[in-house]
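A, B, C, D and E label the chains in the order they appear, each numbered from 1.
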Amino acid sequence: MKRLLKISLEKPELAALVLLVVLIILFQIRSDGVFLSANNLRGIFGILPEIGLMVIGVTILMICGEFDLSVGSVFALMPMVMAVLLVDGTPFILAFLAGMLACAAIGFVNGYLTIRFNIPSFITTLGMLFIARSLTIVISGGFPPLLPNDLPNWLFTVFVGPGDLFRMSFLWFVGIAILASLTMSRTNFGNWVRATGGFLPAAKSMGIPTARVKIACFMLCSMLAGFAGMIQVLRLGSPLPSIGEGWELQAVAAAVIGGTALTGGIGAVAGGVIGAVLIRVIDNGLVLSQVDANWFKFAIGFLTIFAVVVNSWLRKRAKSIKVEA
Amino acid sequence: MKRLLKISLEKPELAALVLLVVLIILFQIRSDGVFLSANNLRGIFGILPEIGLMVIGVTILMICGEFDLSVGSVFALMPMVMAVLLVDGTPFILAFLAGMLACAAIGFVNGYLTIRFNIPSFITTLGMLFIARSLTIVISGGFPPLLPNDLPNWLFTVFVGPGDLFRMSFLWFVGIAILASLTMSRTNFGNWVRATGGFLPAAKSMGIPTARVKIACFMLCSMLAGFAGMIQVLRLGSPLPSIGEGWELQAVAAAVIGGTALTGGIGAVAGGVIGAVLIRVIDNGLVLSQVDANWFKFAIGFLTIFAVVVNSWLRKRAKSIKVEA
Amino acid sequence: MATPVISVRDLHKWYSGVHALKGVSLDFAANEAVGLVGDNGAGKSTLINILSGAQTATDGEISMDGKPVQIRTPRDAMNLGIETIYQYNSMVPTMSIARNLFIGREPLKFSLFGLGVMDRKKMADESVRAIADVDLHLRSPDALVGELSGGQRQGVAIARAMHFKSRVMILDEPTNHLAVKETGKVISFVSGLKTLNITGIFISHNIHHVFDCCDRIVAMARGEVVLDKRTEETTMDEVLDVL
Amino acid sequence: MATPVISVRDLHKWYSGVHALKGVSLDFAANEAVGLVGDNGAGKSTLINILSGAQTATDGEISMDGKPVQIRTPRDAMNLGIETIYQYNSMVPTMSIARNLFIGREPLKFSLFGLGVMDRKKMADESVRAIADVDLHLRSPDALVGELSGGQRQGVAIARAMHFKSRVMILDEPTNHLAVKETGKVISFVSGLKTLNITGIFISHNIHHVFDCCDRIVAMARGEVVLDKRTEETTMDEVLDVL
Amino acid sequence: DGLNIVFTHHSSASNTFWQAVKKGFDDACEKIDANCQMIFTQTEGSIEQQVANMQAALAANPDALLTSIVDDRALDGVIQKAVDDGVTVIGVNVDDSEGAAGNARAAFVGQGFRPAGYSLGKAMSEHFPAEGPIKVLVGISAPGQNWSEARGGGVMDFLEDYKKANPNREISWERIDSGTDLAVTADRVGAYLNANPDTTAYFDTGFWHAAVARVLKDRGVKPGEVLLGGFDLVPEVVQQMQAGYVQVQVDQQPYMQGFMPVMAVYLADKVGLTPADIDTGQGIVRPEQADSIMELSAKGLR
């Protein structure tokens, strides 16, 4: 028993899970039961897959030891590319592929510049944040183009499941999360990502093609962000050029809350997912708790720090339990 | 000669300087000589001290191996604290001290939480970004209070120097930059900062009080950001609660462009200062080059990446010059 | 004499401001264990880092079996059959022992273009065996390398190299941090290489160890080779003299 | 017998899931050089890390000159006169040799509350001398430690400890990576400590080195002390036997 | 007890304009004893956050929802659902560009971005010189964000019309990314004016031209040599109007935009009156009014 407790809580993602459950209970009480009502859950599950998909990519990239600030902009760029093409009469599937290709290209450039010139990805992707946002605005001309009506919404945004609680996007999210999680834990690629982020010189000297691994992670991250952006646009019905602003920091925060180390090598996709849920729960719960508008950001900031502090504290407690392994 | 070239260009701050000079020449030509006109320089020198002071703090903190995202919010909070007190009739000097104290307290909290719970400063200061901004809004009640007219502007914002080219704030900036630079290179405190950021376990094992050093750097960083914010408010005359938004990333970018490593241990105050100048020059030069609104961010992003790439490339070239030391 | 397995010609290496290798030429034959000795900073690690692809030479040629080769990355070296234990940086501290043993060469259940699902049972089993082979007493193959003692860490690195025996084995000060028994294991491993027709390059500051297991001694000083003799033709004193 | 300089009583250390020290009690007298030997993972580094403040014990007592002391940080240990060379992590790779030698104890031109302007000339001069004392050939005291070879790095650590001689010197495998001549220097340094009335604790896997310079041998295995005899009362074989 | 009223919009808490709306909103709520909540976004102009906030707020079944309608489509679904659930929805500040036809909201209080931009341009044109070329700079504060693009677009629509009306005059305009930061706008527009000293007028899509006025003053440029105009009244702008640097400002009377919709909800609830559109003022403010506005502004009423 003691051993089980120790082993589980030493995992940062499980420590985050404990925190999540506590917060949910808290908000459920504070909101007089509205928090877990079907209506509210529907709202949370609507936006969660979008931030969640982005967080999956960011988490993997962070495990690989790099960093992407451009995800928020790519989030807006991909659907805008798609929308502009759709308006021009391109079939959905081609427009979709073109959008994903654009994301892949951005991820590639991020990775290539970072590695080729050995510069911090913080800068490459900060620059790309501006570049991708600018491109979004340029191709849209500043205003969202009108999406055609015959889009395959059934594939991404219709409600499904018991009580119409989920959207299709949630299934995509869960599917991709499981896939990503298995890739990280079961395949050799996952092993390489972890080694590359854990200690680059060692990974290199053991023959891992670290440059290619990193570039792949950058591309994956951009593509997931773009995919998430597309889902959001299909949900909202309008390819706004301003969506995703500020999401990059939220995504990193979610990954860290879920136990991913900013220095690379440590982390789990599941942790990132839990972090994303936590962030959405906090945001939603605070609205329902009727926190005063001017104090709202205070509460967000406080709870973000609090989440990480508690996570760290739980792990420390677990570590100090004296059970011989 | 060859040796001199090698030694100078290996220093990242000098490589950044080369780039700066090239860009200045470029913009001077592109703008038909307007760039270096007295009027334009006056504009640049007006805003430069504000971002510059912030960058000094951020650079030192980054050398120490930590990170501060809350500077932009502190930039707004300090003058707001001051303004609210001034409106209440508090004398300037007391209001000023209260503002600086608030900054110091925020820096302390940032540092304390980061160290005590061993969590990434990215998260602590991201949370503080929200908290400090929220506090700014709360104490102002949402509306910028009107500053009294008898403030000591002569100390901070009046024009001085040949051709009234500079403001007093510029002298503060230069003075503080020199002081900070000397502290980092000549005093044992500077040595400790560098060691702490360079390799924490070693610094610890050599008896450096690393926790205290880090907390001091956090406090310094917050205080410089707050001081910079006050100068801006005195210059512009209005303590808006929204000033400084997004400056945190700019400050980090400036430090990195000037050669400071995100991983700590490497960097120089002079580099950060050059990075800050570079960022302002790029921004200003692009306006003079009449870049279209929609492409403006693209150019900013591109030049930011370009600056770091060139810096890295110059250093690599310098390293490969074969001169035996 | 048969074509040497590896031969380097006029190898130069410049670090910024340091001329670390000043024209080194050496041949290594198959089934030969070469002891590489020399002062601190003589250039031993630099030389073998170049052979194993961790660094690239500024100038000079490397050939294997008489054919010139380009070794640009550690992967290239591995593909040519060169296995290395580095003086530093050989393990990922945030990963478990079992994972570290197989990084880059994970046994796969099935694969596509080199990517696939790892055979984790095989990894666990083989890692237990590999560690036992070097006489290390480790709690479990799932412990993190970063939590091991200095010698345990070194032991894992050696277990890895011994497990993936190749055509050429390079060991850069492998016995540092190792306790007496484990050191003995390493020495007998190096002596045993020749019977397997494997070339061994063994760097150590312990002259006794070198003489115990090597067929040939190469001494370096200030980036140059200053002595190159068969073990039976030289003495410890002669070697100590040139250093 | 005189009061021991350091004595530890019933020291326990738990890492997460590992009981690394299981009740260690030891006394170290002034002007005594103690050799600490033991298997990989026996707990040697853990023990001395606790004495030097790099880690804290889970349980147990430490006293100096008979008075109980609390050693919570390396600074505490230094203030008590305990100087340590760690097995790892003893240098900041991004800083120069001269700076590394004096980190935390910079000579100051003037100071206020311990902060002040460094005397850089003095640092440069003394560092040149300190390095020469260990027989290292280094380009200049301004080279970065991260760019040194393994042995050069270790040499700098030793130069530092020798320069700041204190009441108690702890050396955790100091001769690893060191070339023959430098190793000799270290051994004679340890033997010389007793004439200065300094307590030395010397960890090494090289039994010869330990017997060369120590007055007393302590062997550890699995977190416990299994042998504690004066050098003249034991033999290499006896020590090797218990390991 | 009282009504539950929620107000969501696209702006963040550090935006002074919306703080004035909030004040009106809170004051009105106090008067009718309603239980009120205004929800800001965390990122200025973030419509996706606004939608998420609306959804969360609607889950608690409020009686009324007040919201800005910044996009013609993105909010339609949520609003439709709210209306279906019996929530009174009133658009505030910005409406669907198709008005009632484009959205299920019951009424609209305020004035659209584009018309406001148009009327700003029109009011400013009275100050244009009678002779010579006219060069106008439009500062898009936040490219890609609806509020900024639409206001700027409105100004340029007017310039287009003005050009048609004066076919033989040389009329040109340019857009720059002017930023949402007093210091940055001052620097950028200042630099532009250096390179183009013959600029006739600068339009900001926010209130950041207040800092431009300071630059002009520092340079010794007389009031009126470069015309300045923009949106929303903050004390800083009013000061610069008093000083003569700012000629025209659009004010939508934010306090009223917060206050009136609550009253509409109250009437709908208590006596069953259907909420009706309210125009919160043509909104053009000129220096003559500056002194009286200053007092109101300091109290957060304008």
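FYI, a contact is a pair of C-beta atoms (placed from the backbone, for glycine too) under 8 Å apart; a residue touches a chain by one contact, two chains touch by 3 or more.
Quick caveat, the model's predicted, so the values are computed rather than measured.
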Common contacts of subunit A and subunit C, by label, are B, D
Set B-C beside A-E; more C-beta pairs touch across A-E
The chain whose C-alpha centroid lies farthest from that of subunit D is chain E
Taking each chain's centre as the mean of its CA atoms, subunit B sits from subunit C at a distance in Å of 47
Rounded to the nearest Å, the gap between Cα centres of subunit B and subunit E is 33
Dist(centroid_CA(subunit B), centroid_CA(subunit D)) in Å evaluates to 42
Multi-partner residues in subunit E (2 or more other chains touched) are 13, 22, 42, 140, 143
Where subunit A touches two or more other chains at once, the residues are 133-134, 137, 142, 294, 296-297, 300, 325
By the touch definition above, subunit D meets two or more other chains at residues 17-18, 88, 139
Touching pairs here come out as A-B, A-C, A-D, A-E, B-C, B-D, B-E, C-D
Residue positions on subunit B within touch of subunit A in the complex are 69, 113, 117-120, 122-124, 126-131, 133-135, 137-138, 142, 249, 252-253, 256-257, 261-263, 294-298, 300-302, 304-305, 308-309, 312-313, 316
Note: in the complex, subunit A contacts subunit E through residues 31, 34, 37, 39-40, 42-44, 46-47, 76, 133-134, 136-137, 140, 142-144, 146-147, 232, 236-238, 240-246, 283-284, 287-288, 290, 293-294, 296-297, 300
Residue positions on subunit A within touch of subunit D in the complex are 6, 10, 318-320, 322-325
Interface with subunit D, subunit C side, in the complex: residues 15, 17-18, 38-42, 45, 87-88, 136-139, 147-152, 154-155, 173, 176-183, 205-207, 240, 243
Within the complex, subunit D is touched by subunit B residues 186-189, 191-192, 194-195, 198-199, 201-209, 265-266, 325
